[in-house]
Amino acid sequence: MRLSRGNRVVALLAATSLVLAACGGDDDTATEEPTVDDTVADDTDDPDDTDDPDDTDDPDDTDDPDDTDDPDDTDEPDDTDDPVDPVDAPCDATIPGSQIDYGIFAPNAAFDPVGSSGALVGGTEIAAVYDVLFIFDPTTLEVRPHLAESLTADNDDFTVWTMTLREGITYSDGTPLTAQLVADNNERYFADEGVRNTSGGFLQYIEETEIVDDLTLRFTLNTPLAEFGLVFADEPGMVVNLDVIGDDANELKTAGPDVDAFRVQPPDAAGVGPYVVERNVPGEETILRARDDYWGGPVCVETIRFTWIPGSAGTYDAFRSGELDVAFLRDPVVNQQAIDDGVQHFYFPQDGGAMINFNHREGRATADPRLREAIMLALDPEIINDRAYQGALNTTLSYIGPDSPYYSDAVEERTLDTERAAALVEEVKADGWDGTLNFVAGNAPPGPDSAIAIEAMLGAVGIELDTELMATGDSIARLGTGDFDIITNGWNSGPGTMVLSLIRNLSSTSPTNRMGYASDAMDALLDDALATPFADLAPVLAAINNQINEEFVSPPFGSTSEGVVWTDDVSGLVPTVSTIFLFHDAVVTN
Amino acid sequence: MAALLLPLGAVVLWIALGAITDPTALRLAVAVVGLVAMYFGIDAIAKRLVSPTFETDFWLSAGWLVLVVLLAVFADLLPLAEARDPSLTLTQPSRERPDLFSSHPLGTDSQALDILGGVIYGARVSLQVSLIAVTVGTVIGGLIGVTSGYFRGKLDGGVGILTDTLLAFPPLIFLLAVVTAFEPGVITISLALALLGIPTYTRLARANTLAFAQREFVLAARALGAKPGRIILRELVPNVVRPLLSYSFIIVAVLIVAEASLSFLGVGIQRPTPTWGNMIAAGQGQLETTPHVVFVPGAVMFITVFCLNRVGDKARAAWDPKQSAL
Amino acid sequence: MAGTGAAHLRDDADDVVLRVEDLVVEFRTRGNQTVKAVSGISFDARAGETIGLVGESGCGKSTTGRAIMQLPHPTSGSIRFEGAELTGLEGEDLRRLRTRLQMIFQDPISSLNPRRKVRDIVAEGLDIWRSPGDKQQTVDAVLENVGLDPQMVGGRRPHEFSGGQCQRICVARALVMDPSIIICDEPVSALDVSVQAQILNLLKSMKARYGLTLIFIAHDLAVVKNVSDRVVVMYLGKICEVATPDQLFARPRHPYTDLLLASIPVPDPRRGRSERQIVGELPSPIDPPSGCRFRTRCPRAQPICATDEPEIRPIDDDHYVACHFPT
Amino acid sequence: MARMIGLRLLKLVPVLFLVSLATFFIVDLVPGDPARAALGPDATEAQYEAVRQELGLDASLVERYVDWIGSALTGDLGNSLIKPGFTVTELISLALPITLQLAIMGMLIALFVSLPLAIVAAYREGTAVDRFTNGLTAAFISIPGFLAGLLLAYLFVFQPEVPRYAWLALGLAVACGMFLTAARRVGDDLGRNVALWILAGLVAIGVTLLVFANFPSFPRTGFVRLTSERGVLDNLRSAFLPALTISISQIAVFTRLLRSDLIATLQEDFILSAKAKGMTPRHILWREALRPSSFSLITLAGVSFGNAIGGTVIVESIFGIQGVGRLIVNDGVIPGDYPIVQGGVLVIAVFYVVVNLLVDVSYVYLDPRIRRG
């Protein structure tokens, strides 16, 4: 079996974290939250790492030229145990002139959590400004309090929760962070029809919010939700000081002159995060400056500069040329390239990142399970990988991929059998089907190549595809109108968002179930998943995975990954949900 | 003496294509040296055998163009490996390097499609598109140009403003704007390219018409009672058509590049139908590891454009009175 | 000099086929200036007559010829042809009437479409009008009349012929329409001297055979002398003198005619070249001199010439001049 | 003069009007629904209608055009559909400086290469040098821009040793040429010229080796802004390959024009008389012959500049640079963000028209023959 991506990350990072420690950072003295580096440090004891066959194949892993050139390397073991810096933060105060250049995936639409959508659209920048109530650790799958003090389930079926906020946290204009403010912020997600970001969707399970006291809220849910804290690790956990936007607070989703100004450059008092917006030229650069009164302070890195270079390949090139210290990557080929280059990285595995969806609606040829089965039997992920991803895709024959933290032996793979596929196609054709399916695919790489490969494989078993390549926006619109037989559409289930993304796509009651798929068995499994803590989720997800195969719901062919790479100079990035990274513990040594 | 360069160059080229496998840059360099040597060898032989003023480059260019046209026309009859249907190449190796002695002499692309076949079928598309575009452009642009050049006056002024407007768009931007409005296919791309060529042809035709409209045979025709339509079609068009056509080679070259540029940007004819542009575009992502996917169709395209320009220069010198009068 | 007036018009004659009166042709330049190419000239032609129209280059004689054809329409004035007024005509009527007037041009090569065969060129008029009868036969007959072998030349293109042969083709093209007037715009000036005579003879014989009236435009008085029945001398868009060639050559009355004659090369070396020459440059037709247009170059100019424009008046039998001080 | 410029400006008005009209309506033909593209799949019908109204899609074509062009005249090209919060004007003003820099750099490289090439070719007309130059320009003219870009990217980024050693060979060849010239001059010319050529050769070798030793690496994609804190050198490094790509075809055009221009000038009487007066060839070339040719070069440079602006779309796409061309294609055409396409095309077309006008005017101004005519 392949070693999980997480472990390999760990192996790669081990040495570097030690170097960083030698350079003055001290892991032992880090704040309560483990950072990326901490997880690495913890795992260095793992004996499996040294035996990792993948890693030994890679000369860069063992012989990192940067490391060998570094004279400090030899001192590493001593330094890690040496309490060089016995304070509660990696630095005494903000280091003047220190800056991290961060390459983002797409420009931030607005400095408003309501309009953001994970790290893909501004999540990282916004989280740095507002901070988050909770932090999700993607490696341990734990949700731990950050701005909040605690979150506890008051009953066994996870429907009543009490959240307590940390005491003494105030915005820079003196406004305290209160339970009322958290509740008011939640309301904003319903100010307009439709919730646009993933975690905001969780809020719909809240039936009642009770303000117990200034720092305590009690939530009553209409559905058992075992990991309710995750909601407040994402956008709803970024609490906006609504006073600074005044009466427009609930109007933020609609355009207005004041709101526009707020979106581009929120005042310093808008958030309690480690950073304030110093300069924001959308599309060119966003510069955040460290706040000197951060509650968890001091903040070490003085400025973070977010720049956008279109495309992961371009972003990575800029990273390699030294233009960026941290780069967000989301392209299997580029991500693999970075691994091959021996660059430090943290990738979130995204199950179902590469897949096609069937239209299950009546009247569609793909409503016939025989046809869906035929396609699932014919689609060989390795061919797509070879032809569209240059072999960089983590191919899977199951929805829960081997790299997923939820993978278990119970996960079944779908089978490949072109002869049986061809026979099934013949059968359906004999019933009067004309042999042609409509196929909607993206026109940005690797969309076209992948579409050709799929066309080729289905063509080989007698299915003719009428392929339409279109812009992502257009194909999403087609997904919405249900005008397709087959469409490329990943469900992108990361470690934290796994259950929600499955519900969004598979639940018969989900408004965003685009396939027209409905199954009582699946609905029951999904409810079960919601009520199960992450730690116990693997068997439930395996059952969902097997149900997908059994009902020929849709064939995944690979899991992708998204995340960041960073230079040796940087440490202390904290990964959380939705591929967001937090900067309050970040250090840069340049 | 110099004639020895021909076999020598051939051997060098043979080595480059067959024996050397790595690195690509060296392979390319050796191949170029071989080709240059062969050229000088042929040049020397032709100058001795035919005449000392033999224009080897022109005849080689013309020969290449004839070869490309023949291959494109008779592609279906050639024993080519699969180049258009990826469902037939599922078990074939993708991104095969060129090897003259294999079944894929020029290698395969990411979909395991044969590049030699792709280049030949691509030539078919390039030629189809550019010839349709040139024909439509010549006819429409030519007629507009002749008419406005003959009547002058307000019509001419209006046509002038329209052509100025069309020429005010940078060509590629103009094409992009037009092509995105329609489903890309041979016909739409051809018509978009024709639209691009129309203002140029209009100007050329108008300029030539002005020269001919001064001549007395036009007056004579009017004296005979010919109507304007007849004068345009019988007296002016036959005279304007030749200088206009003399530009066709060069315009075909421009259009081939324009079509390829569209395909390259992903808004032209879509794969797996091979065109030179979309073959090059498909390979650019793996430039570092499999450069041949880009540079084999690229080289064919470059040579074709080069030959079109060479032949076009000669055609223009021979057929365009203004050019030859100078 | 160069004056207006219509004293020389022969209103009494009943066989006048063409009568040009007060013809004015002006062009606009790019700079919005007006070129006064022809400024009110009048003359007439009787059936079977040859009118010679002479003057320096740029005097407006070719413009006059084309204005008669309405190519382009003159600015003002009247042109009566076989009793019909041409100037007001448009469209179909003009097209039809125009065929009765034909032109032969100075440059025979330029006046033949290089891309067409001789037979098609000559037959063009018949094609346009879809004339009844055997087209082939008509074309062959005309070609033979102008001295070309239809079998030999019919299938060939103009560039295969010499200038003289081309001019014969032009004559054939004109004749095929059976015109009553042919305007010959310097038909021989582009030809070799030896060929000139052939073409002049051809024109003469065609005139006789087809009963033509010729307007013969030339800058060379010597050429005009041999073919014309009446000579009209032009200067800068105006008429100076009208007379028979004999009178004109024997006794030119206008100083300009006098100088023109003096500039003809004389084959007798003993006589030597005349001392008298036209001096100075032709004034611009955009801004012609006031009064007599010739005064700026006239050896006899007086103050009155700058103020009063001389009118054409008879000075002898069938001899008219527009000059305050005729010689 | 002023009148002429005025007339040309006047002629520009209908052209620009039609350009704007064409831009507006061509894009209007694009299939797909901008409101849907802007909203994404989760929108309700009510939202959809609201966005349609907000975008003015329910107004008539004429109204929308008038509205659009009216705003455009005040510098407001509308809002991006896909990227909320961005105005098209902002996006273009971010992209335009990059495109301009590439175009200008490309032109400068082209001038830098073509000037000596053309002079040598013209002066040695008919020799092997001339024939080589002709062949080179013919090849350069025939190489499509995207192919040139990919080739340069391949060589400079993935096979950097190839251009590095090519540079070494070229530099040494030039230096050798200089030494040879010096050697030839020893017998028949003044001593100082010999010294000068030797010095030039040494300098050439020095520069060659210096660059060879510190041969810069070039990024495959991305661009460092001139105003970026990373400095001018990084900016030049990131702009070099795209600019070189742009310059390839310009080198050919410039060289051809300048060469034929120089040959024509060299045959004129005043050059003959200069020769007769015993002036050195160098003096004749630089002082006497080059000056008249520079007029046409300026014209050509202007025209090429206009072309380069429109042609950078390819280069920007290859090198992943967010200039106007890529903005139009990647952010406008492909995702269907039609205000970006309209705005971008309009800006480029206006730029193109104005540059051509300036060239016309400067040509009139510079060339006395035209001015008089």
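Note that the chains take the letters A, B, C and D in the order they are written out, and that residue 1 is the start of every chain.
As a convention for this text, a residue touches a chain if its C-beta (ideal position, glycine included) is under 8 Å from a C-beta of that chain, and two chains touch if they have at least 3 such contacts.
Since we're looking at a predicted model, the values are computed, not measured.
A.B. asks: Starting from the defined contact criterion, work out which chains touch chain B and chain C both, please.
C.D. replies: Shared contacts of chain B and chain C: no chain.
A.B. asks: Determine which of the two chain pairs, A-D or B-D, is joined by the larger number of C-beta pairs in contact.
C.D. replies: Most C-beta pairs in contact, of the two: B-D.
A.B. asks: Can you check how far apart chain A and chain D are, centre to centre, with Cα atoms defining each centre and the answer in Å?
C.D. replies: Taking the mean C-alpha position of each chain, the two centres sit 42 Å apart.
A.B. asks: Determine the centre-to-centre distance between chain B and chain D, using the mean Cα coordinates as centres, and give it in whole Å.
C.D. replies: Roughly 23 Å, centre to centre.
A.B. asks: Based only on mean CA positions, could you tell me how far chain C sits from chain D in angstrom?
C.D. replies: Computed from C-alpha means, the inter-chain centre distance equals 58 Å.
A.B. asks: Hey, how far is the Cα centre of chain A from the one of chain C, in Å?
C.D. replies: Whole-Å distance between the two chain centres: 93.
A.B. asks: What residues in chain D touch two or more of the other chains?
C.D. replies: In chain D, the residues touching two or more other chains are 334.
A.B. asks: Touching two or more other chains, which residues of chain B qualify?
C.D. replies: 266
A.B. asks: Residue numbers in chain A touching 2 or more other chains?
C.D. replies: 313, 443
A.B. asks: Would you mind giving me the full set of chain pairs in touch?
C.D. replies: Those chain pairs which touch are A-B, A-D, B-C, B-D.
A.B. asks: Please output the residues of chain B touching chain A within their complex, sorted ascending.
C.D. replies: Going through chain B, the ones touching chain A are 85-90, 94, 110-112, 266, 270-272, 282, 285-286, 289.
A.B. asks: Quick check: in the complex, which residue numbers of chain B touch chain C?
C.D. replies: Within the complex, chain B contacts chain C at residues 215-217, 219-227, 230, 234-235, 238-239.
A.B. asks: Please name which positions on chain C make contact with chain B in the complex.
C.D. replies: 66, 69, 71, 95-96, 98-99, 101-103, 105-107, 110-116, 124-125, 128-129, 170, 173-174, 177
A.B. asks: Which residues, counting only chain D, touch chain B once they are in their complex?
C.D. replies: 11, 14-16, 18-19, 22-23, 26-27, 29-31, 138-139, 141-147, 150-151, 153-155, 157-159, 161-162, 306-307, 309-311, 313-314, 317-318, 325, 328-329, 333-334, 341, 344-345, 348-349, 352-353
A.B. asks: Mind listing the chain A positions that touch chain D in their complex?
C.D. replies: 107, 109-110, 115, 193-196, 260, 263-264, 281-284, 309-311, 313-315, 317-318, 320-321, 323, 443-444, 470-474, 476-477, 479-480, 511-512, 514
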